[in-house]
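Heads up, there are several structures right after this.
What follows is a pair of complexes built around chain A, which joins chain B in one and chain C in the other.
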Partner chain A sequence: MGLDTALHEIRRLDDLAALDTPLHRLDARAKVLVTLFFLVSMLSLGRYEVSRLLPFAAFPLILAVQGGVPLSLLLRRAALALPFVVFVGIFNPLIDRTVHLTLGPLSITGGMLSFLSIVLRSLLAVSTGLVLVAVTGFDQICRALGRLGMPTALLVQLQFLYRYLFVLADEALRMLHARTQRCAPDRHPCLREYRSLLGNLLLRTLDRAGRIHQAMLCRGFDGQMPELRPTTRFGPAEWRFCALWGLFLVAVRILNLPQQLGDLPLYLGGKAGGLFP
Partner chain B sequence: MHMADALLSPAVGGTMWAVSASLLAYSSSRLKSSLDDRRVPLMGVLAAFVFAAQMINFSIPGTGSSGHLGGGLILAVLLGPHAALLAIASVLSVQALFFADGGLLALGCNIFNMGVISCFVAYPLIFKPLAGDSPNKTKLMTASVIAATLGLQIGAFSVVLETVASGISELPFSSFVLLMQPIHLAIGLVEGVVTAMLLVFLHKTRPELFGAVAPGTESRPLRPVVIGLALAALVTAGTLSWFASANPDGLEWAMGKVSGKEELAAPETGIHGALDALQKRTAFLPDYNFKQAEPAKPEAAATGAKPEQKAEAWPNVSAGTSFSGLLGGLMTLCLAGILAFVLRRRTPSKA
Partner chain C sequence: MSHHIVELKGLSFHYPDGTPALDNINLTIHHGESVGLVGANGAGKSTLLQHLCGVHVPQTGRVRVGDVPVVPGTLREVRRTVGLVFQDPDDQLFMPTVAEDVAFGPLNIGLPPEEAALRVDEALAQVDALHLKHRPPHRLSGGEKRAVAIATVLACSPDILVMDEPSANLDPRSRRLLINLLRGFEHTKILATHDLDMVLDLCERTVVLHKGRVMADGPTAQIFADYALLSACALEPPLCMQGCAVCNAAR
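So, the complex of A and B:
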């Protein structure tokens, strides 16, 4: 991914996080906790589970719709994360050839099932993470983690990184543009160019750190970043959110809903055909 | 080499989270006690630098491919191990949240593989002894190439270990190692060369940076950390393995008692009976056998319970069950689609 696309992607999610929906207004801790619970309960399913993963999709989908996150964005991003997962998972169908299910001429092996399961897991985990950022915002997530016990030093570090990421990335982009304009072809710099490019960026970074430090001292930095938004509290709405999703996730994790749903027509069909009394 | 959520089991992910989190907490407390607030902006801005630098590629001569800086080692050299661990963790968090590199559960693994190993293994045990107290150009070169290469080898190896221990991928240990290590040998060499280049450049332009790396925080016993780490790992592994045990227990057992009855008593569904439903219920976490093929005899003997149930594990699920699962899955998808559609109609769109 190029630097400019990366910046664009971050800004895109930031814009979404700036929307004002009931979901955005919820205390970030509730969203973070439910997301973690989602990940643990979803990823703890057995490796051959495919259909049982599907109900879990309700969580990112409903949150995305409630929070105004375009589904196309989710799908595109989730697809971008697939290559490594596919690279590792693609061996499953080759290694595990136990037949689990035959559909006419087609026999479905355990490896196929587990590969499909890995892909689904990846799509679900990635889209849920993205939805969390898009309906909460990075800064709020960090603060929520801080209020949940993350050390202050790490909190300040995350906030600093996020603040200066754009500044430094812009700086790097300017240097890259300047290079392209001077020496034309838009391909990767060679090692020597790269050294002076990155080295100079590093020098500017170090200088900038010194200037920032002075500015911080002038403004009375006390070891913590000031709050920009009013602090939210964990009220009834948060409890309701946690309880509802918690119940849903427990239900989906424990019961095999798709199985039961699928049994229903078979059962009714059997009944109609007089197979069962 | 970002580890991904999809390949990870919660037990492994949770254990690695506990390890990384306790090291992060330890590093934070060390930084707090050193009280040098000059380092606060430096850490933030250098992390941003690494983030940007990771996306600037250069062409590797003679190969046609391109490489970039990873940044773990250079942060450790410039900031000292404790501050560098926080900086790397912050970069990885941004990547996990915005670009889905890795994932939230896998973040613990990734902080360990790329952060802890660079900061607490590659830097103090390999780089520092090789570079010495007053490094010159050659020393810096050799130290960073060797430290980066070895660090990445260890990191790649722990990716393999984590994947195999999770048991989601079928890839056997040996072939996965043979796949990962050579690739990361190349990546490590590139990383080492780039780190060396930057360090030599800095050494030339800002020699004062290399006089006192990580002032005053070097000599404190590591024993409390090691003990804390061991405890954290034990507790996590213990708690999670309680969930992962092969027999129904705890929460699962209670749920089965409460809700399982009705379904078990519905034999007309016909296609598969009680045993199967029970069996499904028993697998709260995937069994952590590396290969499913070997029947879990030692495990059954150890637990001493219900070997016949164990023996009937996944491989011979009846086709009927799978078929209704398939059908149900499709129906669920349709339901979810309808639900999303309805919700979308109800929520006024914001343009």
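So, the complex of A and C:
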């Protein structure tokens, strides 16, 4: 995927964040807190768990539907993280060869299970992160983190990162175009060229950082980022959102829902005296 | 005693690498004046502007804004008096939304949030950009960014507006809107620009810089009529004073 496509997709997330649904109107803190709780409860499951991860998918999916986020966009973006994740877990099946399950000729080893578990977890985590950005907006998330106690220095870094991502990427694109204009179309840039392109980009970034700092000083910056009064508050809707999703997450974390669903026919069979003999 | 006088006396400046940028500049600008600062690339326009709001502190000579000399201890006060609009609006619009960006200055002065919010609406209304209030700056067009950048400065209620290339990168219509907007301001204005037609429209006085020195300082019409001077300073008369391109070509 090219740099311009990546930028376009980030802008799409921005557009989605500007929608006006009940989910969008919720105070960002509620969404951030529930998402954090989601991550903790999902990631704290045992390393061989696969089936128990499945019910967790309800959270990003339902939020996406409520917030009008197209699932195709979500899957496409989440798939981008796959190569990294696969690289992280690829050696598990080779290292951990304890057999956990035998399905006919196929024996499922611990390594396979943990690899699958890693892939599932990362897909869930990435897609939940994406949904959170799409239904909240990056700046609202930053502000929520600030109101939840994140240090200002870190917060400002995050805000600036997002704000200047576009400016920096535009500059990088212009430089790449300028390079392409002056060399054979099929020749890929060599390391030496990349070195000078990156060096140049770094110098431009430093220059810009200096100018931004001057602009901030000119308007009275003294090390503290001022904040306008927040427009949302933590009201009944937010409490309801937290309580409902909190209950759901506790349930799927403590209970083994897939197994109990699987046991249900047996249970019913036992009670009804051989409904499913 | 006038508060809004800008006074530069014997100002010289070298960049850290030794490149001379300003050489013995003497200039006084009075309250309510609108001054065009023109010169070729590298003439020292931007460096001079940066001295007015304390981005650079004078190495030789002195700069006074109102009754306050520009020295490290007075920068806060100087920056409240002088509002600098940067050449690239992307440098000036650094907050996540337009409203927050415009509120940045007022909040830093210490205004309560309610008051700052009022200032935001006022400043945005002045530049006709109230509808952009909740947009992120990186999604605005060039003209919109420029308007908002001006609003960010207006919201601090400066007495002196200093602008670096305000009409650069604007399409003709946005440029005309900007000129009309600036004409409506009663601030003391200092515009550094290559757009001599805009200077002719807005500034009764023009200062010509060349290689860091003041080559001429006087009524705009008189200076722009001195073709020899303009040519010596690597400038050309404004397009509207060059006559008809078609008729001149036919002659």
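Here, the second predicted complex is superposed on the first by the 215 of 277 C-alpha atoms of A that agree within 3 Å, B and C clash if a C-alpha of one lies under 4 Å from a C-alpha of the other, contacts with A are read in each partner's own complex, and residues count from 1 in each chain.
The rule we apply is simple: contacts are C-beta pairs under 8 Å (C-beta built on N, C-alpha and C of every residue); 3 or more make two chains touch, one makes a residue touch a chain.
Just so it is clear, the model here is predicted, and its values are computed rather than measured.
In the overlay built on the shared chain, the residue A:D139 is in contact with chain C alone; chain B does not reach it. After overlaying the two complexes on the shared chain, residue contacts for A:R11 are found with chain C alone; chain B is out of touch. Residue contacts after overlaying the shared chain place A:E227 against chain C, while chain B stays out of touching range.
Of the two partner chains, neither chain B nor chain C is touched by A:P236.
Shared-chain residue A:M216: touches chain B and chain C both. With both complexes placed on chain A, chain A has more residues touched by B than by the other of chain B and chain C. By the document's definition of touching, neither partner reaches A:G104: not chain B, not chain C. Residues 138, 159-160, 162-164, 167, 208, 212, 216, 221 of chain A contact both chain B in one complex and chain C in the other. The touching residues of chain A, when paired with chain C in their complex, are 11, 14, 138-139, 142, 159-160, 162-164, 166-167, 208, 211-212, 214-222, 226-229.
Within the complex formed with chain A, the residues of chain C that make contact are 50, 53-55, 75-76, 79-80, 83-84, 86, 88, 90-92, 94-97, 99-100, 103-105, 107-109, 113-114, 116-117, 120, 136-139, 152-153, 156. Chain contact summary for the complex, chain A toward chain B: residues 1-3, 6, 9-10, 13, 19, 21, 35-36, 39-40, 43-48, 50-52, 54-55, 57-58, 61-62, 65-66, 68, 71, 77-78, 80-81, 84-85, 88-89, 91-92, 95-96, 98, 100-103, 108, 110-111, 114, 117-119, 121-122, 125-126, 129-130, 132-133, 138, 141, 151-154, 156-165, 167-169, 171-172, 176, 187-191, 193-199, 201-203, 205-206, 208-209, 212-213, 216, 221, 223, 254-263, 265-267, 270-271, 275-276. Those residues of chain B whose C-beta lies close enough to touch chain A in the complex are 2, 4-10, 13-14, 24-25, 27-29, 31-32, 37-38, 40-49, 51-53, 55-61, 66, 69, 86-87, 89-91, 93-94, 96-101, 103-105, 163, 167-172, 175-176, 194, 197-198, 201-202, 205-206, 209, 243, 252, 255, 259, 263, 268-271, 277, 280-281, 283-286, 292, 314-315, 317, 319, 321-329, 331-333, 335-336, 339-340, 343-344, 347, 349-350.
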